[in-house]
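One chain, subunit A, appears in both complexes that follow, with subunit B as partner in the first and subunit C in the second.
Presenting the complex of A and B:
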């Protein structure tokens, strides 16, 4: 557990330097593009969240965008209420159009910033815990988990679209006020906002890293390999799986809140099939075994998309598909797998050398005229 | 006192009665060998005890505690450990990581979230020494030899430190030398742990056994000292009928 931890910390440090220094430096620490970069970071964060459940515990959550979207809606509800303060009843405009009489009860608490921030994490966690209890206590695994999470996400998306009076329906929640964070009015085109997003991303990764590298993370890796066997050692497998699933959901919720801030609206497409599949692709390209690698995958693919979609326009989606197939075929562990293989190789050669040198020394000490041929 | 009691334990798979009203009592600290021809229901009996399979009827007592209806992980916490017939270790994990998973005296999330190291000292070091894997700490389990994998799984059970250890053919695939090492290891464990060992290798059984139990077609056939059982005409008949001369090996 320990050597892996050190290497992870180095990777984390390099990633932090990349996000905090290199990326802003690429756009001279200012300007319109910082907003796009903040968006890439938010998407990288949800890819990292998926890597936590998929790569570590083997739970392929095809509905990762559900918790992401819920986070986004929660943030948007708060900002919408702030923007609607002067309207009759303090109600969002779309409620007025559809003759809602008073602000529904489930909108009320979102007046509070603290409630909103807490809910953005805890509601996704709660959803994941509930779903986790049903799925994992029932020993549902593999492709069935993927189907259930995907269907639940699509069901929620349909519900949001159909309940237009309360949710803004297909249009989502638009016309948001800027976030006022304890007296700081957040401008999403400023460097300070970029650093807020980067800080959240790094914090989320740190939480994930702590989990993955603790013994709980070890148990999760064991569960990924053979859940049956883990049970016979006395671990409550369902509870561990729920832990990974819920932590992942919490991180995705934060990513969703940031995403709504960046784009200044929330839309049912945030919990759609295409973004959910895209998240899987990002994590797979970067490497699902490492949250940092998956985050880089999310950032990298989206950056490339930003650059290339101008050039290639429609074909971009096709190219993304081709990239994914290529990764699955040639790099099943993603780019991280390439790095890890190289690392293992170097490490093996190093230990071999050390062992050989040690052996030789011992032999020489024992018999001055040592027969080198025996050294193993 | 009996560490483990099976009381009219029965399981049916469709029409097949794999274990048929089996009664068994194993003393605290005893090493019991479980024999029987192929398909006699030995593995299934162990499955029933550790919770992999649910019995159709009957009871399982661990000490005085009825564990018949507990889920697997609670049985493990109550003190039942299992070694499977084919070595079942975590292939992607290193030897020491496997042992860390095995060390499960505190299996709760709140504890495991706070553990970040597996220092090679104390019991960990002792167990590594016992099974001769001291120099393979960082080796991935998939790169071990078959015999070493068997030993690793035994080592994981030693880390688990359970009261009752169920071993299904622990020497399968081992060399003669490894087998005799395993025999001496089991003799050492006797007394501290209660063990049920399923084996086909009669030389090995002679080396370790105090009392042997023979099953055939799911039911108890004979029980006693190894000489008494070997002399039992019913046992000879069962083996001759199924596998030829295995009992004489």
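Presenting the complex of A and C:
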């Protein structure tokens, strides 16, 4: 067990305690606010997903909201079918308005809960694998990755808006039934739902941390530092990059599903430019190098937004912009960087003192017994 | 025949708008490697400048251009001096910082002018239009086409025929040695950024009669302009012009044959494929790096 892993475990444990105990305790384990808190957790999860590809492998994904939005739509499709069971043909209402004859084939499988849950993870992963192979085989890096991911997200968003007959268009998919999870009817305002979201978040983080601290994670961090050198060692850089990219997409897909559950609708804005850059902001504020820190960044910024936008209305946007510029300028590693620097400093002080103490002991041992002051 | 010419003209007209917005961005990205996501907000500032001058003082757009250029350029100068200057060694972080700047500028404008959309009238002498080869061409769009080419020529002149351009190119090639010869790299960068921002302001002022002026107008523009710059090739003015023309024409034709949305989706996918197989752009600058 190396130090990095130990520190990860401590951070993860503290984070789990914060999410499972402190946050619900802040609202007395009940009430309307739990729903908002669950929303913050879902957003924290997508920030953590971005940190996995950005902070670990150096892949700046400006289209992270694509996989997030796909997850949200998948969940919404299932719930919409549930809500439309009594309608003619079991078709969603917006299809009826636009004269769709029968439920399209790609909607059919979403009747099944198991398929939906699987698809919510696997379809984002599949998209990311295809895109990852496409990009990384061509050794695309840096800003070009950012532009490609961004363009693809905008293309998909436009497609969803334009195919109103099948996707609900600009309005998205609204009027959803509550999720029935193997006989448990999920109420999004209850504590149990909050714990469901928290559980998913912690599981996603565990998967991510497992990857980061595995051998593949070591290779990924090496790729971030110098891809060329890793390639010379014989590693298939593209494969590792795709792995990080796809894992991140899977986590984002789950976050998207949870987000659709919390808000009870899916909208094309979920995969828009603003939310995508907001995800980058959250991860950067928390600290892109650590998934836990990025998740905290997502939760923290959104919680602050919830509180402060009531106080300052639109001016909150202004404050967010200023805070963000300040973080980029003065805390390039985010709040995590601040903590890490403090930790390194304390560690250095500690080793120094241990070394000094050892020296003194050795000096003492070297001197004749009669010279030792403490001998009585 | 007429429809053909019409579509070609619409394409050129779209291309000229893209070119105007993209030149400033291309200069900033090509010379400093800064990915300026606040560029769209500089365009928006220019648009509001033109609107303000017209509604408050009755100044025509064409007359307001020098003022807008100077004011938005000044904003760019201040932004460079306070923020961008500290980020030259971390180019990817400029994406984040400039996005933050964009948020701030957008919200400031919303605070001052509100979020309702504004309209600006085109100058009187550019009302009406001509019939060219059977297609209708409005004089204002023709004016923009020629003006964008003028901006391109002026930028080329600045870069390759003035002392400032020589200094800038030498700083790009080797900062340390240029500084040994007494060129202040900081000053050159700041002025270049200001020039790019000023161009964005002019672009914003000129497109006001064609689009509605809102605080959020910048965001979609910056994405399009970025695609143009990347497709054209970093630091290549010819490339930027060629890719603006290509994307403009493609947009016009695809929207004509299919529809607006499908056209845009295809353009985005086309850009993705192009970047994948030619990340250096259509006309890579062989001198740099």
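The rule we apply is simple: the second predicted complex is superposed on the first by the 353 of 376 C-alpha atoms of A that agree within 3 Å, B and C clash if a C-alpha of one lies under 4 Å from a C-alpha of the other, contacts with A are read in each partner's own complex, and residues count from 1 in each chain.
Going forward, contacts are C-beta pairs under 8 Å (C-beta built on N, C-alpha and C of every residue); 3 or more make two chains touch, one makes a residue touch a chain.
Predicted model only: the values in this text are computed from it and were never measured.
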item	value
First, second, both or neither for A:322, with subunit B first and subunit C second	second
Contacts of A:151 with subunit B and subunit C, given as first, second, both or neither	second
Which superposed partner A:240 touches (first subunit B, second subunit C, both, neither)	first
Partner chain in contact with A:199 - subunit B first, subunit C second, else both or neither	neither
Partner chain(s) touched by A:213 [first = subunit B, second = subunit C, both, neither]	first
Partner chain in contact with A:162 - subunit B first, subunit C second, else both or neither	second
First, second, both or neither for A:232, with subunit B first and subunit C second	first
Contacts of A:281 with subunit B and subunit C, given as first, second, both or neither	second
Subunit A residues touched - subunit C or subunit B, whichever exceeds	C
Subunit A residues within the subunit B interface of the complex	1-3, 5, 210-211, 213-216, 218-219, 221-222, 225-226, 228-237, 239-240, 243, 351
Residues of subunit C that touch subunit A when the two form their complex	35, 37, 83, 86-87, 90-93, 95-97, 99-104, 106-108, 110-111, 219, 223, 226-227, 230, 259, 261-262, 264-265, 268-269, 271-272, 275-277, 279
Parts of subunit A lying in touch with subunit C, wherever the complex brings them together	60, 62, 134-135, 138, 140, 142-144, 146-148, 150-152, 154-155, 158-159, 161-162, 273-274, 277, 280-281, 284, 314-315, 317-318, 320-322, 324-325, 328-329, 332
Touch list for subunit B against partner subunit A, complex	50-52, 71-74, 76-77, 81-82, 84, 88, 90-93, 96-97, 100-102, 104, 107-109, 111-118, 138, 156, 160
